[in-house]
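Per-chain numbering from 1; labels A, B, C and D assigned in written order.
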Amino acid sequence: MIRSTLLCRGLLRLKLPAAALALGAIVSLAPAIELARAYAEENDVLRIRIGSDVISFDPHRPSTIENTSVAVHVYDGLFGYDLTDMSIEPRLAESHSVSEDGLVYTIKLREGVMFHGGYGEMTAHDVKFSFERVMDPEAPSPWAKEFDGMTIDVEDDHTVVLTLARPNANFLHSLSSRNQALILSRKAIEEMGEDWITNPIGTGAYEFSAWRPGDRVVLAANDDYFRGRPAIDRLELVLIPEETSAEIALLNREIDVFFALQGPEIIERLEANAEINVSQRPALISCHLVLNTTVPPLDNVLVRRAMAHAVNRESLVENFFRGTKVLTSTPLTPEYVEYTDDVPQYPYDPDKARELLAEAGFADGFDFRYITVALSPYDQFPVVVSDDLSRVGIRVDLTVMERATYGAARASGTLPSATTCPSNSPNPDTLLRALVHSDGFPPGVNTARYAGADALLDAARAKQDPDKRSKLYHEAQRQIMADVPTIPLYADRLFTATHSGVEGVMTSAAFWVDAYGATVNR
Amino acid sequence: MQDGGAVPNTADGNPSASTASGSRLSVRGLTVQFAMPMGIVRAVDNVSLDIAQGETVGVVGESGSGKSVTFLSVMGMVRQPGRIVAGSVELDGRDLSQLDREELRGIRGRDISMVFQDPQTSLNPVFPIGKQIVDVFRAHLPISKDEARRRALEVLDLVHIPEAKNRFDSFPHEFSGGMRQRVLIAMALALRPRFIIADEPTTALDVTMQAQILELLHELKQEINIGLVLITHDLGVVARSADRVIVMYGGKIVEQGDVRTIFYEPRHPYTVSLMRSMPRIDMVRGERLHSIGGSPPSLSGLPAGCAFHPRCFLGAERPKCRTETPELHDAGRGGHRSACHYANELELVSTDAPKVGEVVARAGAQTTGEALLEVRDLRMHYPAASFQVPWNRKVVKAVDGVSFSVREGETLGIVGESGCGKSTLGRCLIRLIEPTSGSIAFRGSEISHLGVRDMRALRTDIQMVFQDPYASLDPRMTVESILREPFEAHGQADARTTHKIKELMAHVGLNPEHIERRPHEFSGGQRQRIGIARALALKPKLIILDEPVSALDVSVQAQIINLLKDLQAEFKLTYLFIAHDLSVVRHICDRVMVMYLGRIIEAGDRDTLFADPRHPYTKVLLSAVPLPDPDKERARAHVVVPGSVPSPINPPRGCHFHPRCPSAAALAGSMPADELEQLADGGVLPKPCVNAYPDIGAEADGHVQACHFVGVDNQNTGTRGR
Amino acid sequence: MTVSLDNGPVVAMPAWKRWMRSPYARHTGFLVGAGITVLFVFVALIGPFIAPYDPLATDLQNVLQPPGGEHLLGTDRYGRDIASRLLWGAQASLFVALAVGSLSLLFGVILGTLAGFVGGWTDRIMLAVINILLAFPGFLLALAFVAIRGSTLTNVILAVTLAYTPRVAIVMRAVVLNIRPRQFIEASFAVGVSTPTMIWKHVLPNCLPPVIVVATVSAAFAILAEAGLSFLGLGVQPPAPTWGNVITDGRPFLISDPWISISAGACIAVVVTGLNLLGDGVRDTLDPFLRNQTGARALK
Amino acid sequence: MLRYAIGRLLLVIPTIFGMVVLAFFMLRALPGDPATAILGEFATPQALERLRSSLRLDEPLLSQFYHYVTGMMTGDWGRSALTRKPAMAEVMSVVMPSMALAFASIFVAIVIGIPVGVLSAVKQGTGIDYLLVALTIIGISFPVFWLGLITIVVFAHTIPLFPAVGAGAPGSLLSQTHALVLPAIVLGSGGAAYIARLTRSSMLEVMNQDYILVARAMGISESRILFVYAMRSALPAILSVIGVTFAVSIGNAILVEVVFARPGLGSLIIKATFSRDYQLLQAGLLMLAVSVVLVNFVIDLLYPIIDPRLRR
């Protein structure tokens, strides 16, 4: 008791001066901005803003652009895209040969490629392990269909033979993707068990160093990278969900690269800033209002066409997105070689829309649940679209669901509508198969439950001749747009803002950032 | 004694020639106003007074008379919204009202200090008492901590804090109320100020504690030459301690003079009425007390002219009293001054009511009725804390084996100091609290096990009046709904109820037109009348009166006591009167029981018990009550007992009173060693006192008591006389 | 040491005069708070009728118009009129505030009275549960509830009610415990009044004022919590015009077009300030014990 | 004193157990299948089934609860369904920035709140008092996230004094402290207002106590009366509001963390909520609630130090 009394007296005596001291400390912190600048200006580190947290380092699992942006640095695949023109180039593969029938791919692996963290040389066994992991019948990767019953044989440590079940003209795309095609270390996974997932081991330009959830992922340069050590020692992917904050952070040099920039106003402001470079590239992403063709009245094609006419997509792109997105006439984006404009068009025409509705027997409109997800900008443009729809008499109930609920609801396949923006590889088959092929549900995102173009898409995939294949894809697009199972609202563009001293940060049309070739000159 | 007494007396014209040289505190034309929402309120109106070092001045007045504010102003401690608007306060010719705050602070505590009413709240609970006294030294003198500590210990010794050294670092809550008041007096005395203002210093204390503190003040005055201002409402305290008396009413001094003059030759009707309306412990003043009509005035609505005129037995109809404010003027010898236009008419009026009114012999018949209520071995034990470990339960034995009966038509008084269990007992009887064991029989049928419904029905027969007229009425209800409640509760409400309520109001002296008013629109006395009306509503046989007058001003107290007596006669009521004020009990009760720590220690007929108390505790109690009669009071012997009432959680073994019992201590001296018990603190006491609780005996005259050594007269401890 | 200045009987006076002389009429904070609250309620009720535009109608030709001109407070990125959205939003806020205030009052009073009046084990268990709920920060509790039940107006209201009911209950319990031993309660028992009558006629009327203060505070917090939930994407879902949604809508434009978020934030701040002032004013004029009770506990 | 402390501790344990129960059963009521949420829409039924059984989602609720509680006793808080990292480890990895924010905001609240409250009490009835009282009411009436947004624009953009986002560079205490300033002030402002309000009212109340009157009557100096006598007696009430403020801060920290894109329990809980990550959500909620309980426990222990009447 006595001791506690003494203690408390001591405490009370300390209190006032301590408080004054601390107040002083806080006040004197304000000019500390210069010091803060100092730590931000280290030359050996590049900070890249990402918009939502990394969830997993397992590239074979459902991924986000952030996950992929980590994965491209940590892992590598047999092939990869040259991000300047999205052409396919060999990476871990040294060379490959294809059999006449297009079914057998023999791939020679690069020798001497080492996994991070002393997990040894990358061999054909790791390739077999990785691909079989993707196709695990118990827990298949979402991209298992890309490999479609393929068998994998190890010929020797540096040769692997892949035998397809049926011809696939797009197979090299499947081996270049940054999801299912990335090679993991068999040894690392077997040794670490579940802990592997937060300690990823790959052969990429950067090694995983640390992850603080909600804050950042830190990667360190891989000295032994087979394409040469990256110029920058440390890469930090810094989580800043909000774009205004990210803009301020960029201006304050808290970050060097503002990846996945969306806001039109911010883009305009940053473009006007001499210290900032804003680069843009067309992306392979299109955004859709998916209409469930099995639910009345959406099962009526006239209704779907009416809705397509009702949406003022030009205005959406020009006025809402201020030209930061582009129009597309089909589910593919103009970036695809296989894209065509020669499809049924649905120009903005509310009168036509009303006519079509009347023709379909809905002169008084109908009740429509427009479902979207609470993720920017997918919770924003539907506001405009539903307003357009309501102008032709459709009574729209816009429901914004938070992510998990949305995912579960969409997986049920019974929603009348959905907002879906599949991000993809340059392989047109991947996108179309997911969105409008009956392979795409269940499970998947073909919540339009549309199967009208199945035959055309299957035929296109099997055609080896690029021209004929393209023609088939054009045919498929015409068919799809005649039936309108989805209304393609816009095709995305990818904006990235960097500080002027930062060079060589590449972005992919499939929405990821690759800083391998980056240099910083402050 | 670094300052104080040495200052020469610079004042002249000493109005009370009795006191000798020394400093003088003079107040001239002091007027204090409070800016209240309802307007400016003049709390002190043109008050002038002088206090000389060495004298004790009693300041008497009811609530709102301005007595406290006057002396807070003297200390320069009136706070917003109060303001001194006129007058001066001079200490040896130095006008305190002209001093700045820092100078004034230097005067406070050093030249004039103050002791407040409530020792429970007047010490800072979070600091050890020693530190608080040390602080007083260090606020005025540039002395070291050790020096301050040494001096603090000296003053603690001076006020008889036992083992002051060990208790120096104890916190206030570790002291009893009386001890805390001693500590506060020590603080006030620390710098040997010339004046101490004691504002109701004993009001919050039990009578035995009050006796201790008065004894201490008396002793200190003899040792140290201080001028003591004793602000009080208790004429007994004044009679015992004061040299001079100032009587205040409505913010003004209405009379001042020598203590004997004021008591024996008052020249203001208010003083006269006050004297007459006080019940006395030493005599029965007849059936009815003199009462002053109405209630003390609100300072915001003082009557014009003489503020007292509406209540005055002389002036109510005299035009001069209604229009002209009387000034203080000489009314007799020795600076006796009165503010009554007709002070001279009072020369023939005496304060002793029996001489004015007629002495009515009490009809003894009432006390021989049938037993209405029989209580046998009633106990009420409750846990000392809500969460207790099962192996160490502490129990408060609030009522611990009490047996008695109440006869029809009588008034049975239960007296005792706080914590004796008298209120708990009262609540057990109508089962507001469930007794732990024992039996209660009402008209022969057992009621201690009645169910809720039957018990509610029984409440038409037994009713209760509560102590605090402010707390016992729901502030949100009108008088009508308060008085309707008993009828509704028993399904008796009907069309005639409103009429009945008005009748009830008239019966208890309320204006039936005020039926729609709410409690806050009534004065304290009127509220107590509402409480009584509520108890009467169902025409009960027995009313338990729990300290019904202790929260009221003296003048109002008399009204209520008279009312209770009238009602008893009219409705043939039986009263169980619970009180701590022995004078009131003596006045109103037929029989009296004295309780100490949950038990009855003495019971008997009122006159027998007061005339011939047998239990040592009863003797102590009776002797502790000061008589409002200076000559008698100063002449009689006072038994002052040490300590305070022990905690009922762990009452002393054997006779609960033995640790404080003066008789036992005295007896021990004359007893052989083998009959004595050695105590832990080194003392010796007779074995029976320490080891066995004495059975309450029975004697032929119905006078019973619980002491092992009754009849052994021992009043030689702590006695003083003058 | 109080100066008792008012002992005598007070003369009865008409109601308005009594009001003018009551402490409320002189409490600036109370008057301002009451003024804001009345204005708020008024605006919320007539808002939909005086709103110049449809709060949901987009107009992509006129996005991000600055305040003034055709649109009093400008437009948002969809070209919707901010002023109209705020006017409609007042209704949602009023509804949330009113519903949370009255529901938490209702449940809190029932629970608190039970705990305080029944006592014993009922009290201990209820107190334990209340304390557990109180240990979860209110906003966290509301967030978890909305996450579970989905983001609708009803659920937001229930969530915030769930979070604030324990606060009302604990104050109610404290007040009941304070009222219960008072003599007028004992006195009514003594004349034979039954327990339910007692609670209804004496306990509740005397306990309500401080508890209403807490409910006012929880209504104020409900507005804040609704905005907070909207901000996290868990509130009433867009495009519904609520103040929280308007702030969130304006967030990307804080640098270029700050009026969107600022005007909505200011609406919230003013109304919440008003409710707090109102609650404070009532509390200040209550008796000191209750002031303390409501002070510390209710602010969560 | 020791008995008091043990008594308080004994009250803490059932409270925490109650929280565990509440957190568990409340979260099991979440709609949406966590397995679907984790594996995405592409998952096959077998994969979902396998994941459900590995998460014990197919077992009866009580059995799940049993495993949950026994696991917790042995330090196994389950694994995050999403990252497969031990939930405890994941929570621990963000506890530091969260607690840094919470305590810094309390610090700000105390440093601003108490002096403001005392000043307001001393100047009672003056213009300064009215101004401060008005400010404290306004201070608790702003949506905290809105304040955060405005603050970022003003103090990170218009006048770039502080970083806009994040918790500072890992490993650099300076940068972390620098990044803490804005969020702490934003989060602490409400608390400062509460503390100021309560400090004012309890100071006023204490200043009306008899013992202050006695101290005045003894000529103790006004400053000593104010800062020693009154302050010390007002402290228990101020302490209790600090406990309350801590709980409020913990709740509002979620918003502040999101606004400032700070790692922390708040962001973690939001993430876990959106991804139906039960184990993580539970661990995060419990960590927050337990921190509130523990802080209040510490405050309970401080009471008897300040108020000797509680030492028994």
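Assume a contact is a pair of C-beta atoms (placed from the backbone, for glycine too) under 8 Å apart; a residue touches a chain by one contact, two chains touch by 3 or more.
Since the structure is predicted, the reported quantities are computational estimates derived from the model, not experimental observations.
J.: By mean C-alpha position, what chain is farthest away from subunit D?
T.: Max centre-to-centre separation from subunit D belongs to B.
J.: Going by the touch criterion at the top, tell me which pair is linked by more C-beta contacts: A-D or B-C.
T.: A-D
J.: From the mean C-alpha coordinate of subunit A to that of subunit D, what's the distance rounded to whole Å?
T.: 36
J.: Averaging over Cα atoms per chain, report the distance between subunit B and subunit C in Å.
T.: Chain centroid spacing, subunit B to subunit C, equals 47 Å.
J.: Between subunit A and subunit C, what is the separation of their C-alpha centroids in Å?
T.: Measuring from centre to centre gives 44 Å for this pair.
J.: Please tell me the distance, in whole Å, between the geometric centres of subunit B and subunit D computed from their C-alpha atoms.
T.: The separation of the two C-alpha centroids amounts to 51 Å.
J.: Send over the residues of subunit B in touch with two or more other chains.
T.: Those would be 116.
J.: Among all residues of subunit D, which ones touch two or more of the remaining chains?
T.: Those would be 31, 152-153, 157, 210, 213, 232, 258, 273, 306, 308.
J.: Any chance you could list the residues of subunit C touching two or more other chains?
T.: Residues 1, 147, 150, 234, 251, 254-255 of subunit C each touch two or more of the other chains.
J.: Would you tell me which residues of subunit A are touching subunit C in their complex?
T.: It comes out as residues 242-244, 247-248, 263, 265-266, 269, 312, 315-316, 319-320, 374, 379-380, 383-384, 386-387, 398-400, 402, 405.
J.: In the complex, go through subunit B and note every residue touching subunit D.
T.: 75, 77, 80, 101, 105-110, 113-114, 116, 118, 121-128, 135-136, 139-140, 171, 173, 184, 187-188, 190, 387
J.: Considering the complex alone, what residue numbers of subunit D touch subunit B?
T.: Checking each residue of subunit D against subunit B gives 7, 125, 209-211, 213-222, 224, 229, 232-233, 306-309.
J.: Contact residues on subunit C for subunit B in the complex?
T.: For subunit C paired with subunit B, touching residues are 1, 3-10, 12, 21, 23, 26, 182-184, 186-194, 197, 201-202, 205-206.
J.: Write out the stretch or stretches of subunit C touching subunit A in their complex.
T.: Checking each residue of subunit C against subunit A gives 56-58, 60-61, 63-64, 77-79, 147, 150-151, 233-234, 237-239, 251-257.
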